[in-house]
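After this come two complexes, each holding chain A, first together with chain B and then together with chain C.
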Partner chain A sequence: MVDLSLGQLGSGSILLALVLALYAAVTGMAGAWRRDARLLTSARLAAGAVFLAMTSAVLVMEAALLSDDFTVKYVAEHSRIASPVWVKVVTLWAALEGSILLWGWLLTGYTAILAVTAPNSTLRPWALAIMQLAQIFFIGVSALVANPFSIVPNPPLDGPGPNPLLQNHWMMSVHPVLLYLGFVGLTVPFAFAMSALITRRPGSEWMTLTRRWTLTGWGFLTAGIVAGGWWSYEVLGWGGYWAWDPVENVSFMPWLTATAFIHSVQVQERRRMLKAWNVLLITLTFALSILGTFLIRSGIISSVHAFGDGPVGPVFLGFFLVIMVSAFGLIALRWDQIRDRAELDSVVSREGSFLTGNVLFLAMAFAILLGTLFPLIVEALTAEKVTVGAPFFDQVTLPIWLLIFLLMGIGPLLPWRRAEEQSLKRNLAWLAGAFLVSGGLAFALGMRKVYPLATVALAGYNFTSLGLLITGALHPRIRLSKRSPVAIFKSYAFENRRRFGSMIVHSGVIVVALGVMASSGYRVDEQLRLDFGTSVPFRGYDLTAVDRFMERTPGRISAGVVVEVWQRGRLVTTLRPRTNVFGQNPQTISTPAVLYTPKWDLYLNLASSIGPDQEFVVIRAVQSPLITWIWIGGLIVALGTAYALSPQTRQHRTVRGEEAART
Partner chain B sequence: MKRLSYGIAGIAVLIIAGLLIYRSLNASLVYFILPNEYAQQPGEYQGRRLRLGGIVETDSVRFDNESLQLTFMVTDSLQRYPVHHRGSPPELFKENTGVVVEGSFNDGVFISDNLLVKHSEVYEPPPPGESVDVEALKDSLQ
Partner chain C sequence: MNRFLLASLLSLAIGLAAAQELQLEKQVFEIGRQLRCPVCVSESVADSNAQISIEMRQLIQEQLEEGRNEREILAFFQERYGDWILLNPPKRGLHLVVWLLPVLVGLGGAFTLVVLVRRWLKSTATPLEVDETELERVRAELEHASEGPSKSL
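Moving on, here comes the complex of A and B:
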């Protein structure tokens, strides 16, 4: 019997997956072309086999990481014996090759699930074929360009471990997986859209079939972005969560186009309009997720968490171009069928507001893309080295956000086609009243900055809009029924999951907006010198450094101070900001300590070294009002998405087809 | 007619948006320069937000415990400028290492609010008396 090493086993699994994926794609396309049911069934079975082969590759990598097998290149370069088990497990996605392996694995998983569960329709064969083409790309990169299983001829005794920033927080085990689940989930509607163009069925069938996939993907992407923000907050030490770093921007751009897509598909479902627009949006969403990977991984844009350069960048750029050219080629080829024949009846209508919102989302995505790429353009033209500062992104996106919040309140209240004047006026009066009252209240409480004031006013306006939506829906039901209003509300929320889920999501968005506004508009950031034993006032607190400490865990050495936080003579809590060194890596990583409260966070980060003979430490103290509500709002958005996706009870399932056309 | 007016409105919106974006993009560009580049045209960079790169000059580092003010000279061996940074020196900050400070010039003094230590492996400070390769220095700090 031949003794196989883990590296050979892993490479073998990937190669097997590649061969199977090629077989699946070729058979699938041939079957779709010749309408051969046997070939199609074979391709669907092959999708399951591809997934199994990739699962085996992932398991082998985990085995190599957990058993410290430094003959495997990825393990030798990114793992370390002393790391705790959870760090070894998540090291799979702590660097480039492993991330691509994970992305590919998730994609094959989705393809396999789709092959089994997607209802048999005219669209399915080509949609599966396109998923299979996409997975060939990812598996191919893993097999040929960035093989994590390459064998190291002279294996080291120990490795350097993953990037210290990544082993510093458990959030790192969640955030990338959520993002990839989002990107992969949004591949499904893209595949179906392409299939709809190929098979000349550009109606709303493709979006109805993939609605759950789209929402799931969007929900994961949203959760991934919020989780990434929280990770930055807890790790990077400046008390913020979003710095308009390229790596953040490239995850945000597909989110914007996906959000636009979720809204505009409803226009097509209801009004048979925006066919080409919807195909365009989902194409951009998919393409931007690939472009983002290229921008970050190629090293052409310097970013906080760049993985460095390599041959992977150009390959992703090539894939991006292939997607764009073939998708736009298809759109051009089928232009006659997807051109809109219906015209907008009135801008003041549900579809009018959705369309305007779409333009705003797309404009924001474009501005962010421009800001992200601008340093490249300037360097190419003038050889000057520049970065685009956060002020640009703030200046451009904040006004667009305010307009979007304005539409978010009024849009769902408008009927399709054309608003009836009387109810429009009544609703507008309520909304304007709420806007003025909440804005006035904020002004009376001492807020003077324009954007925060506008955000508070729009929050009141939007909550009123949600109230109007619910009362508007419940009022006729209450009049016609003898049941209690509570029971009617329950059954309304239960029967209209998509609609009610969207209301939950929108309320979560408002909560996030309030958190972002308050924490960035009213943040206090100071450097404090704390002499041991002497209390220093900071924003109503008294901070006393009482002690220093040293901690040694396998793989990490930490040093920090114990700071007592007093408020009005009462000890509130004890915070322990520290700095860490991981193994041989000279980089020190600080771990801030945070007191979370609903009103504001008190965030302490060590700003100086703590020598044993030094009688003081310097602390960066940040107070951010309402910042916790960003994470709570993100959770509300995720829960609302899950609610909209939750399966209907049995009696409602029979009418799902009609409901699809109605909501 | 309707189409034409939509088209004109659309183009007008695009032009206005484009101008606004261009203006704020231009205003928020942060140039990355070395001391000698500033010395060549101080007028152009006056008051602008900059990222200034260089080496921390030997024997120039002072830290005031009371005001938490860090001062040092940053040099590319052609030109040198004093830097005032509010806050204590970061862990890896020491003489003769590469740094990038972010802020702006005020009367020949660079007022920094962000200090990054670049412990680059590519760049080696030259032995005393020899001149540096400025381009290599800039690349190693970027």
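Moving on, here comes the complex of A and C:
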């Protein structure tokens, strides 16, 4: 028997996956074209086989990483013997080739699940074929352009290990996967939208079929962005979580279009409007996720996340262009069927608020895209260097956020078609009252900055809006029923999962907004010199450096300082900010120490060396009000999404769902 | 041995001159947040721990102590490094594009929306579209109905 190396096994798996994916796409399209059930079944089975082949590739990569097989190029370039097991496992997505392999694997997984579970409909054959074309791209890149399994002729004895930033914290293992799950999830509605155009069924069938996929993808994307923020807070050491770095921007743009999409599809479901627009939105969402990969992986934009340049960038650009051209071509071909002969009863209606929201989300996505690309364009055209940084993005996006926030409160209170004047006036009075009261309270408590004040006022306004929504739904039920209000609330929340889930999501958004407002508007940074044994005041705390420490774990040397945090004569906690060196890598990475409290975080990061004979250390101290609420709010959003997705019995859905639709 | 190795490693790597005045106030970071760290990727002078950022923070602190205000300090760096050093692009020249285009696109979007909404609102007032053959059939039936009684008369 021939002795196969892991590299050959991995390359073989990817090639097999590529061949199977080609087969699946060709049979799938032929079957869809000729309406041949046998070909279609074969294509669906092949989707399962592609997934198995890619699973094998991923497992082989993990085996190579865990067994330190440095004959495999990816392992030789990005892994190290001394790394702990979890670092080796997540090294799969710590660099470019592995990330693409992971993305491709998740895509084949979704395609396989879709092939098995999607109900048999006219849309399914072409939707599967589009998914299969997309997976051919990813598998093809893994097989031909960025093969992680290339064999190293003279394998090194040990590798350099992954980027130190990426092995510094366990959270590194979370957000990339969540983001890929999000991107891949949003591929599904795109595939069904294209299928709807191809099969000339541009009604709302494609979006009802993919509703769960869309929400799942959106939920993962949201969770990924929030988890990524938390990671950078815990790792990057400057006490913030969002720097408008290109990589953050390119994950955020598809999120904006996807958010516009999940709201906008409801207009088509209810009012048969916006057919073309919704197709456009989901196309943009998918295309932006690919464009983002091109931007940050081609090396043309520098970023903390850039893995370096290579041939992968142009390939992604090509794929982006193919998607845009074919999607727009299809839209043009089917224009007659999807253009809106819509009617609108009134602008003051649910659909009116969604239309306005669409414009705001898209305007924000455009501003971010422009800000990200502008330095690049200017440098290409004039050889002049310009910078577009965080203050620009803050100034441009904040007003749009506030308008979105304003809509978020009033939109769900407006009925479809036309708002009834009396109830509208009553609701507006409540909302205006809440706005003024909470804004006034904030002002009385000493807040003077415009955006934070507006955010607090709008947060009160939005919470009141949620209250009005709930009481509006419960009131008639309580009047008609003899059951207790609590029981009625429970059954309402239980039976209207999609609606109640959206309320939970919105409340999470308010919490996130408050956290963002306070932590960026009222953050305090100082750099302190702590002499050992002497206490230094900082924002109501007394910080005393009492000791220094050193740790050596396999592959890492850390040194840090033990800081006692005192408040009003009581020891609150002991923080241990440290700095680390990983293996032979000359880069030092600081690990901040954070005291999490509901009111504010105390964040300490080492800003100097700690020599054994030094009598002091320099500490960067940051106090960020309410910042923890960003992570809590993110969790609420994720839970709300999960709640909206949780299965409901059919009886409830039809009977109660109709009822909810009328209220 | 360990201690020595560690100390040299870390001091080397961080390379911070210990002789510097090390207390920096809040305002230093607020100003530093508007300046680009010249050697980093998308990090501000306030956030970066590169040597040059540390020196620039120091410089800001010194200038603050000399009584200069935020605008003067930003202008000082702008003169040395050019507009490129400002994270907030100045609102003139080429930079106007990046400031104005989002506003124009936003307004364009709002305008398009208004035009579309007006068209859609009007369309509710226009009578229902009726198929031509359907219309024929109704006409014929109407005629038939009006003819019917006259015949019987």
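Criterion: the second predicted complex is superposed on the first by the 649 of 663 C-alpha atoms of A that agree within 3 Å, B and C clash if a C-alpha of one lies under 4 Å from a C-alpha of the other, contacts with A are read in each partner's own complex, and residues count from 1 in each chain.
One rule holds for everything that comes next: contacts are C-beta pairs under 8 Å (C-beta built on N, C-alpha and C of every residue); 3 or more make two chains touch, one makes a residue touch a chain.
Not measured: the values here are computed from a predicted model.
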Simultaneous placement of chain C and chain B on chain A, clash or fit: clash
Contacts of A:Leu355 with chain B and chain C, given as first, second, both or neither: second
Chain B versus chain C as contact partner of A:Thr553, first or second or both or neither: neither
Per-residue touch tally on chain A - higher for chain B or for chain C: C
Contacts of A:Thr471 with chain B and chain C, given as first, second, both or neither: neither
Contacts of A:Ser491 with chain B and chain C, given as first, second, both or neither: neither
Which superposed partner A:Gly237 touches (first chain B, second chain C, both, neither): second
Touching partner for A:Gly611 - first (chain B), second (chain C), both, neither: second
Which of chain B and chain C A:Pro391 touches, first, second, both or neither: both
Contacts of A:Pro586 with chain B and chain C, given as first, second, both or neither: both
Intersection of the chain A residues that touch chain B with those that touch chain C: 302, 343, 363, 367, 370-371, 374, 378, 384-392, 395-396, 527, 529, 579, 586-588, 607-609, 616, 618
Parts of chain B lying in touch with chain A, wherever the complex brings them together: 2, 17, 20-21, 24-25, 27-33, 49, 51, 65-66, 68, 86-92, 119, 138, 142
List of chain A residues in touch with chain C within their complex: 236-238, 240, 243-246, 273, 302-304, 306, 340-347, 352, 355-356, 359, 362-363, 366-367, 370-371, 374, 378, 382, 384-392, 395-396, 400, 524-529, 550, 552, 557, 559, 579, 581, 586-588, 590, 607-614, 616, 618
Chain A-touching residues of chain C, taken from the complex the two chains share: 2-7, 9-11, 13-14, 16, 18, 22-26, 28-30, 33-34, 36, 41-44, 46-49, 54, 57, 82-89, 94-95, 97-99, 101-102, 105-106, 109-110, 113, 116-117, 120-121, 123-124
Touch list for chain A against partner chain B, complex: 302, 343, 363, 367, 370-371, 374, 378, 384-392, 395-396, 527, 529, 579, 586-588, 607-609, 616, 618, 620
